[in-house]
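One chain, subunit A, links the two complexes that follow: it is found with subunit B in the first and with subunit C in the second.
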Partner chain A sequence: MGSLLSQISAVVAMNIRSLPKRLWMSLAMVIASAVVVAILLAFLAMARGFEATLEGAGSDNVAIFTRSGSASEINSTVTREQVNLVGDAPGVLKEGNTPQVSAELYVILDGIKKSSQTEANLPLRGLDVTGVGMRKGFEIQQGRMFTPGTNEMVVGAGVASQFEGFSVGSELRFGKNVWTVVGIFGTGGNVFESEAWADAKVIQSLYNRGSSYQTIRARIESSASIDAIRDYIAQDPRLNLDVETEASFFAEQGKQLRYMAFFGLFISVVMALGALAGALNTMYTSVAERTGEIATLRALGFSNLSAFAGTLAEAMLLAAAGGLLGALAAFLLFDGMSASTLGGSFTQVVFSFELSTDLVARGMVMALVIGLLSGLFPAWRASRIPVVAAFRANG
Partner chain B sequence: MTDLYLIYKNMTRKPLRLFLTCFAIFIAFLLYGAVTALKGALDSGVEMSADDRLVVVNRINFTNPLPISYVQKIRSVEGVEKVTFQNWFGGYYQDPKQQVVTFAAEPESYLDVYPELLVEPEQRQNWLRDRQGLLVGKAIAEQFGWKVGDKIPLNSNIFSHKDGGQTWDFNISGIYTGEDEQMDTRSAVFHYQYFRETNSWNTDSVGWIGLTTKDPALNEQVAKRIDEMFANSSAETDTSTEKAFNKAFIEQIGNIGLIIFGVVFMAFFTILVLVGNTMALAVRERTGEIAVLKTLGFNASRIFRMVLAESMLVTLLGGLAGLGTAYLLIEGAKAAMARFLPGLVMTPEIAVQAVGYMLALGLITGLLPAFKAMRLNLATAFARG
Partner chain C sequence: MASETLYDLKAISKKFTRGKETITIFESLDLQIKKGDFVAIMGPSGSGKTTLLNMLGGVDQPSGGEILFDGKRVDNLGEGDLARWRANNIGFIFQFYNLMPMLNAARNVELPLLLTKLNKKQRNQFVETALTLVGLADRAKHMPGEMSGGQQQRVAIARAIVSDPKLILCDEPTGDLDRTTADEILEMLQILNRDHGKTIVMVTHDPRAAKYAGRTLHLDKGAFVEREAEIV
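Showing the complex of A and B:
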């Protein structure tokens, strides 16, 4: 048994040391595996980043009310009366006598994207201090908060980085209205950083919204309160609203890009088949070139198992090297890359690609599967090379 | 005849390798064909939009409304030919997830400004006469099984009906088709008047205004005139060609599309490089045989042709099979995807381009080995062999 192991390790070491002799073929296999892994990781990192941006935004202790059937914040409208009624709903927390309710507006503006220099939809949210307090991890990173009752706005870090002209102190003209950016805020990288915020009352008057709002957020005891609130809404005909926890509202919107991940997975699998064909070619050629060598070893008393293991190890090593290379390339090219796309509310969501270690692990598994499959059959062939081939070969 | 036979014998000497090489090329072109068709479908909204039509939207953003009075004012602008307007209705059928792209528009002028919507004369009259009439595209009519004469309810995810609820009743009075296969026929249009009288806000605003000019050369001037007319008003306008407007909208989806297609094309070219490498190496193994052919009296150019022809044959074999499969895949997916992606077709341009890449691949991978084979020095070849 011990001798078998030492035979195998000797053959493996020999195969690996002789790789430079088959440089082009070996390189082809490494690259094939690298490309497959890089593509898979690019798609996975994109989907992961988008989901994290949206899912990180929602809280389980905040309920969000939208007009029934509207499905997104931009389409919804609610009246002042409804805002008051929601404040009396069971499960909605109060501070003293004031219900913790935030009535919000959501207006779309045209911003100029830095990357493409084209106009893109930018959300301007109208809210008040209570609403700001409901956002997890809110902090002013630069400048200060807007003063209620003025044309001042604060913008999320994502807006400041992806759109032109949103530095602190700059003035922006939308239609007839001039806004001053007085601060940049962060909310831990989630979707709110893709928004600009201003006083709800100012937006109502500047955009002719009268006393109406678009969505209502309310602090609740726990996600279990939602059912009681739903019953309350169902009993009052004035409340034609849908209610959900903020967490599930954003989780639903985060699913949008999931099809992208499926598409990526599908492309990678198809690609992997192509790469596998290339890798098999490489390994068969490698075995053919080493026919004399393998047969000689067999003549010297090495077992056919060692020939099998040697070839398989070579394939796995090349594929794993490719996998690492691909993961590295994906990391350098995509990790942290900032991108933006249209989200559920018809506005730009800024997010970054996130290449986490578990994704890299999935990429490596893919590489090893390629290595295993492309090594197995040629290794079988190598183990069947007859001893007599040593004397026929001219090498 | 003998040349062909020799090429065939050379190709099939290692059937497994031939199969694997062809398969890799097959995959590359399958991906190329399918993904390019997909990209074409995504871009078709821009391609199909007219260059000579202008769109007037609110300067703040196109989701903000414009006063209806602007329509009359724009009609009187010099150089303007036909003007229509529409409002986004946010329609859905039965379930909020089953969205129907629905506009409230002025029927007669709508069909004038968008002549690519083909409606039979009788249905057209039907629609113009019926205040509750709904003109629907062929794609959604098929999706929901609607026929002319059906009565259907549509809900709005934005507006409320005066009588409560968000449901409007419509009569399907016509089904339009597109003049081009790639045209998107997934929208429904109804009378603005009906919308205005029944929605609870009683608004006097419109979403956007579409117009044609007397001469496309006038477009820039007309756009400028319109925007200047409303400058410094409470609703400033932004006028652009429909193509520019649609392009800007598609660009909102952002660099994601660019990244995906970039990555796929990178993969495509990598496969080609890898396969080319394998094929070139395969010829090298045959140095000895080529030397024998030369000794037998095959002249240099004949050998050059044979080696080149072989690599061309292998690429075309794998590539055409891949492209053909991509075509079948697209044809098969077309019906199922019609709801999400109208205009999913493999255009002749895509096919021609793919064949171009195949020829280039065959040429590049075959040229160097063929050249080497042609110049092969007999003495060294036999010494090596």
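Showing the complex of A and C:
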């Protein structure tokens, strides 16, 4: 066994030391593997970042009410009467006699994305101070909060970084309405940073919404209160509303965009097949070039298993090197990169790519699978090289 | 008890099938090689001398007959057993040296020792002895590409003897060398045979090379024509 291990390690070392002879082909295999891993990791980091942005926004202690059957905030409408009724629902917290309820509006603005200079939808949320208080981690990073009753807005940090013209002090015209940006806020990197906020009453007036709203948020005792609230809604025909915790609402929206990860995996697998073809060619060439060496070692008494293991190790090593290179490239190019895409309410969600160690591990697994598959058949061929080939080896 | 006969080939036959045609290389070939022999095998191209060398080295197997090495049958061994048998008993010297280009002289010579239980220190001692024997102790760190053909072949000889095999098989060992260097290599083989008791079987085209052997076998049409050669 010891002898077999020393044979295998000697053959592996020889293969690795002879790599410079096959520099370009080996490099091509490394790069192909790196590209596959980098692309896979880019998609996975994007999906992970998007999900984290949405999941981070939701609280278990806030219930969100939307019109029954509306899949997103933009499609929902609620009346003033419904807002009042929700305030009386069981489990909804009160401060004194005032229910902790935020009636909110959600309208769309046109913004110009800095990255592509194209128009994209931006959400303008109408809310009041109670609603602001329900957002975890809210802080004014620059400027100040909007003054109720005025055409002032504050914008999320994501909006300020990804869209043109949202700096503090700038005046923006949307349709007939002119708004002044008075502050930039943060909410810990979650989806609310992709929004602009203004006074709900002003939006009702400027956008002719009368006394209607689109969603209601309410502080609740715990997520367990949801069932009691549902019962309450079911018993009152005026309340044709859906309710769920904010955490569950955003988690569901995040899942809708899991296609990103699947799409990334699909693209990576297709590319991996291409890389595999190239890698197989590299490894078969490597075996062909080393025929004399392999046969000589066999003639000296080395086992065919050492020839097999040496070739397989070479393939795995090249693919793993590519995997590491791809992971490094993905980290340097994508980790923390800010981007925006269409979210669940047809508006842009700004999010950051998140490349974690478990994703890098997935990338390395992909690289090693490429190495294993591309090494297996050439390794088998190496182990079957007739010893007599040593006597035909020239030089 | 081990006999004085190292190799005993009994009624060896070797046949190849090419398409529907069966080509017979040997038909009932007998050969005995004694311990300490230095045998040269000559013959025209296609006479089967390389095939015979391959069978002696356990690289190829006969279609019929028996090969006994030191009294034990080796023609019926499996691939793994043959590899172990080669490692324990045979040293090979090839026409084109067959050194590993990425390893220096010492590491090339060490290769057969990796198949033994020797530790690194012991292996280094053996390598040093073998390289000293072929006069290349000062070239231990040199890569094959930095050495002349003659020096490379001497490294190959050191590799062939380092594990102290019973038999050294040489396939045209001077075929790629100039006359002077060839003579040096052949003299070295002669010393290994005469002074160190190594049994050597050498396939060669060169009658001058064959003169260094104690016995020359001429192979023609699958049969030996034997005559004693003068030792130069």
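The definition used in the following text is that the second predicted complex is superposed on the first by the 394 of 395 C-alpha atoms of A that agree within 3 Å, B and C clash if a C-alpha of one lies under 4 Å from a C-alpha of the other, contacts with A are read in each partner's own complex, and residues count from 1 in each chain.
Methods note: contacts are C-beta pairs under 8 Å (C-beta built on N, C-alpha and C of every residue); 3 or more make two chains touch, one makes a residue touch a chain.
Fair warning: this is a prediction, and the values are worked out from it, not measured in the lab.
When subunit B and subunit C are set side by side, the one touching more residues of subunit A is B.
In the superposed model, A:N75 lies in contact with subunit B only, and not with subunit C.
Contacts of A:E171 after superposition: neither subunit B nor subunit C is touched.
Of the two partner chains placed around the shared chain by superposition, subunit C is the only one that A:T296 touches, whereas subunit B remains out of contact. Legend: residue contacts after superposition of the two complexes on their common chain; A:V388 is shown touching subunit C, with no touch to subunit B.
Of the two partner chains, subunit B is the only one touched by A:N281; subunit C is not. By the touch criterion defined above, A:L273 lies against subunit B but remains apart from subunit C after alignment on the C-alpha atoms of chain A.
On subunit A, the surface touched by subunit B in one complex and the surface touched by subunit C in the other have no residue in common. For subunit C in complex with subunit A, the residues that touch the partner chain are 50, 53-54, 57, 59-60, 79-80, 83-84, 86-88, 92, 94-98, 100-103, 111-112, 114-117, 159, 171.
Contact residues of subunit B toward subunit A in the complex are 16-17, 20-21, 23-24, 26-28, 30-31, 35, 58-61, 63-64, 90, 92, 96-97, 155-158, 166, 232-236, 238, 248, 251-256, 259-260, 263-264, 266-267, 270-271, 273-275, 277-278, 281. Partner subunit C is touched in their complex by these residues of subunit A: 2-3, 6-7, 10, 14, 17-18, 21, 292-293, 296-304, 386-388, 390-391, 393-395. Residue ranges on subunit A touching subunit B, taken from their complex, read 24-25, 28, 31-32, 35-36, 38-39, 42-43, 46, 68-72, 74-75, 77, 107-110, 113, 115-116, 118-121, 174-176, 207, 260, 263-264, 267, 270-271, 273-275, 277-278, 280-282, 284-285, 339-342, 346, 348.
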